[in-house]
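Structures incoming, each one as structure tokens.
What follows is chain A paired twice: with chain B in the first complex and chain C in the second.
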Partner chain A sequence: MTLRLVVAALVAFMTLPTVVVIAVSFNPTAILSFPPAGFSLRWYANVLGYPQFQRAALNSLVVTAAAVAVALPIGTLAALALERGRLRGRNLWAALLLSPLVVPGVAAGLGFLILAAALGLLRSRSVLIAAHVALVLPFVVRSVWVSVRNLDPALERAAASLGATPWRVFRRVTLPLLRPGLFAGLLFAIVVSVNEFVVSLFISNRVTEILPVAMFTYVVNYTDPSIAALSTLFIGATFLVVWLADRYLGLGRVFLQH
Partner chain B sequence: MKLLLAPAVVVLAVFAAALTALFRWSLLEFIPGSLQTGGLTLANFRGVLAPQYLDAIRDTVVLSALTTGLTLVLSYPVAYALASTPSRRVRSVLLVLTLAPFFTGAIVRTYAWVLVLGNTVVTWPLPMLFTERGVLVGLVHFSMPTMILILAAALSHIDPVYARAATSLGARPSRVFWRVTLPLSMPGIVSGCLIVFAWTLSAFPTPELLGGGKVKMIANVVKDLGLDSFNWPGAAAFAMLALVLTLTLLVGLGRLTGGRVA
Partner chain C sequence: MAKAVVELRGCTRDYGGVRAVDALDLGVHEGEFLSLLGPSGCGKTTTLNLIAGFVEPTAGCILVDGEDVTGRPAHLRGLGVVFQSYALFPHLSVFENVAFGLRERRVPGGEVARRVGDALELVRLDRRGGQRPSELSGGMQQRVALARALVYRPRVVLLDEPLAALDKKLREEMRSELREIQRSVGITTVFVTHDQTEALGLSDRIAVMSRGRIEQLGAPREIYDHPATRFVADFIGASTVLRGRAVAVDQLAVAGDASLRVASCRALRVGEEVELAIRPERVRLAPGPGDNVLDARIEGLVYQGAQTEVTARLGDGQRVLVFVTEPAPVPLAPGQTVHLHFPAAAFMLLA
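Presenting the complex of A and B:
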């Protein structure tokens, strides 16, 4: 009983900020007040009509789409090689492939900034996309690798012995069986790229910046609840994604593997 | 088969090039007011040890240690409930509620705490926003999902027969927990703490927004030097410090857990 109360209090602590953000986003006045004085959608109108956010949303779309489109096939091939390749030093390869995960954002961000300046690429989105590819690749590799490990090679051998060409085996047997891992990898890659902030802050400017960077700049400079409205939209989308993932993938299976 | 790795190696090479550029610039002489640099020097690393920066390093280590301890204590009950509840429904609700912040970005989460800590409705007994206390709250909240996942994974790996054996031998539930469950979950506790500590050492958005320029951690110094003062060599030296600290901790963790970094 005590445990239940403690857990409920802790979960409330974890959810509290989300609840406050949502409540504040519908607040009619510019001065933050809680509970809200009424109900208004003016901050949603403000946020959706703010040109810098529109530009940043478009940048986010381009950068995430490009980064995921590049990282998903690359990561899938790498996962196949890791599991099937009879590589020497496989653990080392795995550690290298996952290493961008453990590099502090400010180190990677400043490194990409210096590199971009040296190559004269500071004004383009290409550096942003390259950095996002490197940052989401570990998530793709890890997700797909789990699926490759669970794939019984006998199924592929059966298809081959029935006369399928290697390409046909890959397309009709291997890829469909990898679908859960590919889907999880895609999901993680999108979530990580859409929310990436620290590295992107270093390598973008007002023209190329993505949504989290634009939101950060706004929070630093203004105090009205517009960001609460934008955050609520983010939270809504996130809950939908997490709920769908739990429903169709089973988060328990992904995170609490036995 | 090995050729399949080639595209990934290209991506890694680009990443490595960025870190190499960082390392090289940390050894170049800074010429104030210019993005040109002088010759090779160790002055940037000596600069890291200047008094105002030493404060930032000390604050970073203290805040990271406090964050780790508090996060562990607050996450354990949730992880325990998650791993031991028989109800699939409860587990699902707990997972979604604890994981949702994991998936919402750092900016949204930190901004939410700006609203909570800086509001005009509830008066906190002590000033919170733009203080180290406020940053600590934000950091703990930020670390909890990670810690909960790692602990829950460790707890769900424990075979329930050990607890049953202890009970059947007459141990009270609290004794079973302290003498059986808790020691068996130690690997999860160790890796959770190391990962949270390492991540907090290079935390950026939380101290930046909740500290309001008054609380500086290592990553904030990197941003101030690099993006505001255009002192890239100085910023690079600090970033190298963050990188080395984090990698040392995580490689140590890899040793401890046999290469299995959560």
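Presenting the complex of A and C:
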């Protein structure tokens, strides 16, 4: 009974801010007050019609898609190399590949800013994409690595003995068996990239900024529930992605393996 | 002499300073079932991997049908391999697992269906093609692995402890089935095992391996009846090794003044120290003293139903293992003195 109460309290504590934001997003008045005074969708209309948000959403889409497209293959190869390769200092390589997880966002952001300025790339979206690749890579490497570890090398030997060239072995055996890890990595990468804020704040401008940065800028200037409406859309979209992944790709299995 | 399908010439393989296979020479004959038998770490699996092309020899060469295949990658050797863990592809159906080798050889679809059907029928799994390997029992998975390795008619099939993962009852069933399939297909087979019963029951010839070398190569009966070395005598079947000094060309002094007559293939030199092995089932209980009979004190008894394993000690302290067929002619008890008859022809002279 006590245990159940503790769990209930924890769940409430974790979800309450989200609930508040969702409730406030339907507030008909222009103040961020809780509980809401009524029900209205005007802030949703405002958000969807706001040009800077439209541009930022498009930026987010491009940056995330590009970053994931680059990070997934690179991360997969890195995971294979870490597990299989005759690598000197394997632990050091692994630590370096996973290091963005422990570097504070502000430090990473500052670093990217200085680098981008030195290279004269501050106006370009490519810096943003490069930074996102670095930030999502640890998640891809981690997820795929788990799948590589679970892969019995005898399967690849078997395929080779049956006449498959190394490339065919990779295509027909290795890659299909890494799928759970690849999907988990893909999902993590998308969620991390879409929600990335601190580093992106340093290296984007009004033209290249992604959605979280645009939201921050908006909040600094205005205090109407638009931002709550956008957050609610954001939460909904993320939730949908995770739910779909779990439903159709069996995300749960990735973590329950072993 | 039959033609060698697979030949290893002076093959050596080192793993970071450890010599797994040591200057090995071996020829596998057309259509034969050859076992590589030995304890773990004797180099039998490395030998198999050398033939399969999974590892390359540090020195020496490997020939298939007289052609040097050293350095040729596994996928170009065209051999069939069955793994201890079966290594079935979990993401493919049973049908596609078996079809894998044919698809890699770009065999047309209709022929793939026909040949996979035949192969699955051979291993009595023709109705399981649509299932996933994980839905089958261990014995069935084993048969799928066998079908997968046979379907493209390789020159040689290599079996790496294929029965080790099965429980005892199933293992015995699979053993006879494996032999039947191998006979009906007539394929040259190299079989790796640490289980002497499997090797004795299945093989045309056995290569007993120890420390990267072949200790003895021969037919099962030859290996069992005439072990060439103490290692082989110990490893294959149970045996008692007696040490003694030759007092005549066919007389050996053991246990003090007692002497045994020995009918071995070569004459003994007087005064030479030799080791003789004898199988525990060849030693008999004698009613009393006589020719080739020694007295021994029973130390231990293990009743096994059909027989009792008796450990006894001779006057000079050498231990003897005796299998007494039940029911025993006299009641046996620890501490009791028995008369043991050692038939002269049952002794095996060790090198």
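Assume the second predicted complex is superposed on the first by the 239 of 258 C-alpha atoms of A that agree within 3 Å, B and C clash if a C-alpha of one lies under 4 Å from a C-alpha of the other, contacts with A are read in each partner's own complex, and residues count from 1 in each chain.
The rule we apply is simple: a contact is a pair of C-beta atoms (placed from the backbone, for glycine too) under 8 Å apart; a residue touches a chain by one contact, two chains touch by 3 or more.
The shown structure was predicted, so the numbers you read here are calculated from the model rather than taken from an experiment.
Looking at the shared chain after the overlay, A:Val148 reaches neither chain B nor chain C. Considering which of chain B and chain C touches more of chain A, the answer is B. By the touch criterion defined above, A:Leu72 reaches neither chain B nor chain C.
In the superposition on chain A, A:Ala56 makes contact with neither chain B nor chain C.
With both structures placed on the common chain, the touch criterion links A:Phe239 to chain B but leaves chain C unconnected. Using the contact criterion defined above for the overlaid structures, shared-chain residue A:Val194 touches chain B, although it does not reach chain C. Contacts of A:Val173 after superposition on the shared chain: chain C is touched, whereas chain B is not.
Once the two complexes are overlaid on the shared chain, A:Ala158 sits against chain C while remaining clear of chain B.
In the superposed model, A:Ile129 lies in contact with neither chain B nor chain C.
Shared contact residues of chain A, touching chain B in one structure and chain C in the other, are absent.
For chain A in complex with chain C, the residues that touch the partner chain are 152, 154-155, 157-166, 168-169, 172-173, 176-177.
Contact residues on chain C toward chain A in their complex (touch as defined above): 52-54, 73-75, 77-81, 83, 85, 87-91, 100-101, 104-105, 148-149, 152.
The part of chain A that touches chain B in the complex is made up of residues 3-4, 6-7, 10-11, 13-18, 20-21, 24, 31-35, 71, 73-75, 77-78, 80-82, 84-87, 91, 93, 95-100, 102-108, 110-115, 117-118, 130-131, 133-134, 137, 141, 191, 194-198, 201-202, 212, 215-216, 219-220, 227-228, 231, 234-235, 238-239, 241-243, 246, 251-252, 255-258.
On chain B, the positions that touch chain A within their shared complex are 1-2, 4-5, 7-8, 11-12, 14-15, 17-22, 25, 35, 74-75, 77-78, 80-83, 91-92, 94-101, 103-109, 111-116, 118-122, 141, 144-145, 149, 152-153, 156-157, 198, 201-202, 204-205, 208-209, 218-219, 222-223, 226-227, 232, 235-236, 238-240, 242-243, 246-247, 250, 254, 259, 261.
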